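Letters A, B, C and D name the chains as they come in the text, with residue numbers starting at 1 for each one.
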Amino acid sequence: MIKAAIIGAAGYTGGELLRLLIHHPQVKVTCAVSTSQAGKAVTALHQDLTGETEIVFQDKLNGHVDVLFLCMGHGNSKAYLEAYPPLEKTKIIDLSQDFRATEVYGLPELNKQQIQAAQFVANPGCFATAIQLALLPLAYNGMLKEVHVSGITGSTGAGMSPTETTHFSWRSNNTSTYKAFEHQHLAEVHQSLLQYQNWFDQPINFIPYRGNFTRGILITAYQYCEWRLSEAVQVFKEYYEEHPFTYVVDHPLDVKQVVNTNKCLIHLEMHNGYLMVQAAIDNLLKGASGQAVQNMNLMFGLVETEGLLLKGSRF
Amino acid sequence: MIKAAIIGAAGYTGGELLRLLIHHPQVKVTCAVSTSQAGKAVTALHQDLTGETEIVFQDKLNGHVDVLFLCMGHGNSKAYLEAYPPLEKTKIIDLSQDFRATEVYGLPELNKQQIQAAQFVANPGCFATAIQLALLPLAYNGMLKEVHVSGITGSTGAGMSPTETTHFSWRSNNTSTYKAFEHQHLAEVHQSLLQYQNWFDQPINFIPYRGNFTRGILITAYQYCEWRLSEAVQVFKEYYEEHPFTYVVDHPLDVKQVVNTNKCLIHLEMHNGYLMVQAAIDNLLKGASGQAVQNMNLMFGLVETEGLLLKGSRF
Amino acid sequence: MIKAAIIGAAGYTGGELLRLLIHHPQVKVTCAVSTSQAGKAVTALHQDLTGETEIVFQDKLNGHVDVLFLCMGHGNSKAYLEAYPPLEKTKIIDLSQDFRATEVYGLPELNKQQIQAAQFVANPGCFATAIQLALLPLAYNGMLKEVHVSGITGSTGAGMSPTETTHFSWRSNNTSTYKAFEHQHLAEVHQSLLQYQNWFDQPINFIPYRGNFTRGILITAYQYCEWRLSEAVQVFKEYYEEHPFTYVVDHPLDVKQVVNTNKCLIHLEMHNGYLMVQAAIDNLLKGASGQAVQNMNLMFGLVETEGLLLKGSRF
Amino acid sequence: MIKAAIIGAAGYTGGELLRLLIHHPQVKVTCAVSTSQAGKAVTALHQDLTGETEIVFQDKLNGHVDVLFLCMGHGNSKAYLEAYPPLEKTKIIDLSQDFRATEVYGLPELNKQQIQAAQFVANPGCFATAIQLALLPLAYNGMLKEVHVSGITGSTGAGMSPTETTHFSWRSNNTSTYKAFEHQHLAEVHQSLLQYQNWFDQPINFIPYRGNFTRGILITAYQYCEWRLSEAVQVFKEYYEEHPFTYVVDHPLDVKQVVNTNKCLIHLEMHNGYLMVQAAIDNLLKGASGQAVQNMNLMFGLVETEGLLLKGSRF
């Protein structure tokens, strides 16, 4: 059994990791660290886990583990690793953005082999995952041009700390945009696209909307493209052929087609010379903790889908 | 024009008062006090009021007013009035629970004449309003017995300060109960019912649910009753005949029948010897700021419905 | 008093017209036609109107009126007017898209004078209203270029007839796009923009999202623009100076800033050479019935805002 | 492998069964019948299942199966079994209410041994499951008295066919009651309680609310009870000791503690002589398809939790 620890196990992504790893047949969670909840049973906070685990939050790592998941806020992973340098043989999967520019970038649809060999993986951002999965086959074929993207995200993407825009009375029956053209995930998106198409120097114009729902991301991208639709579909299907969670589908997308799964569904249309590519993911799974487990599976030589064949929540 | 000031004008009830009073033909809001927002334009916070007012939040009352609305948290009204004793001729309408046991209780369907003569009115709580309007005709006729009440409230009833249970990611698609059998509004409900039926010594068993919506309250009460349904309906209709906001209706209730109005709709059924009475209100209007304006109208000798014939938000 | 009739008074837009006109000081609704509800009290269907009206649905127009509102599905207005030709002096406001290409187009911010003189006004579509209000000042100044638009609409835009995507279990906590690049409102948008900038021959690329809420529209448009932000803001403010419902604001938009009002709020930002313009409206008010009343006010020489100074529903 | 067929596989409960059985290690779904969808890929309708199954909807059962799940509307199971009498050795699990009074009633917490021996199991109703799990330990100890129950259910309980009260524009941000005191599930609840306490002749007063969410049920029951709270908790814990999905917990309940799981959480409080018992389930899982799989596990001698250790959807 792989011994796993989660640092920051009280938040959304830490909690989702617990939900996934508790049922993972090859993993034993030996330590769940939360400085704010230390001493409390995990089920006292994550009350849906009643009956599934007896572990108690710790204030710090309490023994050797094979893999360490870092689920703290952005900026804190770096500080944590400096304060508590892990053993060399401990593999690390960091869910913050601290190391996305410097370590192996954990998008299996882009870097599977590097991930398999890595000791340290920087897990991608949620919007970044969806946008990249919509654009990678274009970059792979050198077809990327200026691209226009809009997208909607669930509230869990904003984390557990209360803010004006995550207050129920504000967000219920509401929508708004934020960080238009300047979303922090655009940096990692660019970096990945350049990996394939290194002369790409166009903007990715991105309008992110706050959705009036808790889980899920839907993005819509379009750019000029000389391909016919059937060619584009073919290229995308080939690109994702070997990847067990990402599917190109004919039917229109909606977010609940992927909620509570680790899938990414992709749908293409052609309009007035524009190729439109949509992608839907669960922001907490394929956009965070599910992808982290997928990366762990790859890093430890397990079947990529192990522990990730989840019952969705279509309704 | 009646000069009005609102102390605590940045919160939900203060904001609703501004929305109502700005359109009230007999009132001019001369002062909106918010210590946290002082110096800011009212429209910078209550952004839906753009184009409707030029006033700026003050840090304290800045001149004589005819009526003072207190919209601070429970416990703060008393402290405020001690620190800033108002002029004797200033009428006061307090939306907290601080004075509900000691001053004229501002439920027009119970105390219209006392309100008309009052200098100080304690505005009822939201659940308290709904429960009383469902039970008053029974008490008036000395028919009250042990009663079982369940009810659901919108999130705005919990105020603007963020809490775990008002976080969107928690409350969306969720429900729970709170303060079962011990809701603080039961005290004022009892007090009012005893006004009519002073030998009433039975419990009011109340299960309040947190609703997954922002505005509105629906309560369902039942008790044994010897009346036939038609008698009960007749009694209720007679009781509310003179009251312009409270209606006994034949059709089943849902909360959006009253959202964004100052109405209370009441519906009766008879089952197995139990008389079931339901009441629906908007918790921020008939349950708070709308009723406060209704009280103001009565205190100043205006038409009771002035400024309160609102377009509802059925969908 | 202006005598008004509503044909199709059982639907969302017909119902909203009733809610508005019942409180309009210059109007008396003398006839509410619904073939499916004929004989039923209006309050039996629109139950929130309890206490506000005694009128009964008719199966056809039952006498002379000064103004006729047509609130039937698209295609039915034409058929209705052929079957029941109105008197010449009756003014007509049609909420369908049947006459938007041929009659006076009822967007006051574009055609106020023509509306004031018109006997027949074709009321704009909801998305069309929001997009035009975001783009008209650009076209007016001949600055329109290829433009990229995304937007989210509430479910009431899809009407009352049940469909898969308006089923609660489907739409709750969900989002999806529809009619990308091909929304039927783009025709009337183009037509209006050409009225100002007749050489405009670029596409308006539009991605409409189905929102997980009932009321409201938020759209985000962007295009290259040589103006500095302050110039653009100045131009937009000047354009809307004389229009009492449309405001250019500094703060970020969210839909509930306009819900249950007839306002349009507009917000501008500049990013990487792109001018971004956002517009928020209530799809049933400024996007339908509220604008219809605004047009009626203009057609009858009333104050433009009469009956439309509504209490919003911010929370 | 157990061969399973689902009759009525296009609806909510049929779809959930597919989601569960596809991942069940001991089961192969060999036939999914839907007369309306026959010939269509299952993934074309249940689009979240993309990549998980290749099967196609059939218009009728196409070969021998070991277990048959009937997921049609109430009344249709009886008709189906008359028209298509299954082989004697085929086990049947019926999710309708057609046989709840006559066949083995499939509530494992009540009838585990009978279920293990049964060829035909009538799966309980969703509200019925929650209410029984809240009351069974009382009946088991002969302590049941007149009981007062309120409860809220998600919209999926109302099925897939559109109705006024499942239209998004109606139900969003709304609540209402239905079938107060007369819910059809009360018959099976009474029947089960009498199995333990056959002299029980008191009413179960039940107020069901329509919740503004898709999945989940929370019920609150109370009755006079001489026990101290600690005794009651002890009794309940003992009663459920051997049952792997039902837990008595100390913390307050909310519905999302059980959504997308097969669990029932139970919470007890004592107030003014009343014992209050709350129960939370997912109406489509423990209240329908999950319990059906649990019954199948018991009928085939499998581990009771096989295929039912699901990742919940807490947020």
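Everything below uses one rule, namely that a contact is a pair of C-beta atoms (placed from the backbone, for glycine too) under 8 Å apart; a residue touches a chain by one contact, two chains touch by 3 or more.
Given the structure is predicted, the values throughout are model-derived calculations rather than measurements.
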| item | value |
| --- | --- |
| Chain pair, A-D or C-D, that carries the greater number of C-beta contacts | A-D |
| Chain of greatest Cα-centre distance to chain A | B |
| Rounded Å distance between chain C and chain D, as computed from the means of their C-alpha atoms | 45 |
| For chain B paired with chain D, centre-to-centre distance based on mean C-alpha positions, whole Å | 39 |
| Intercentroid distance (Cα basis), chain D paired with chain A, Å | 33 |
| Per-residue overlap in chain C, given as positions that touch at least 2 other chains | 12, 156, 169-170, 172-173, 213-215, 256, 259, 315 |
| Chain D-touching residues of chain A, taken from the complex the two chains share | 12, 15, 19-20, 23, 44, 46-52, 156, 172-173, 214-215, 244-245, 247, 249, 251, 256-261, 263, 265, 284, 309-315 |
| Footprint of chain C on chain D - complex, ascending | 12, 154-156, 160, 162-163, 166-173, 213-214 |
| List of chain C residues in touch with chain A within their complex | 148, 150, 152, 169-170, 172-178, 180-182, 203, 205, 207, 209, 211-216, 218, 220, 222, 252-256, 259, 269, 271-272, 274, 276, 278, 315 |
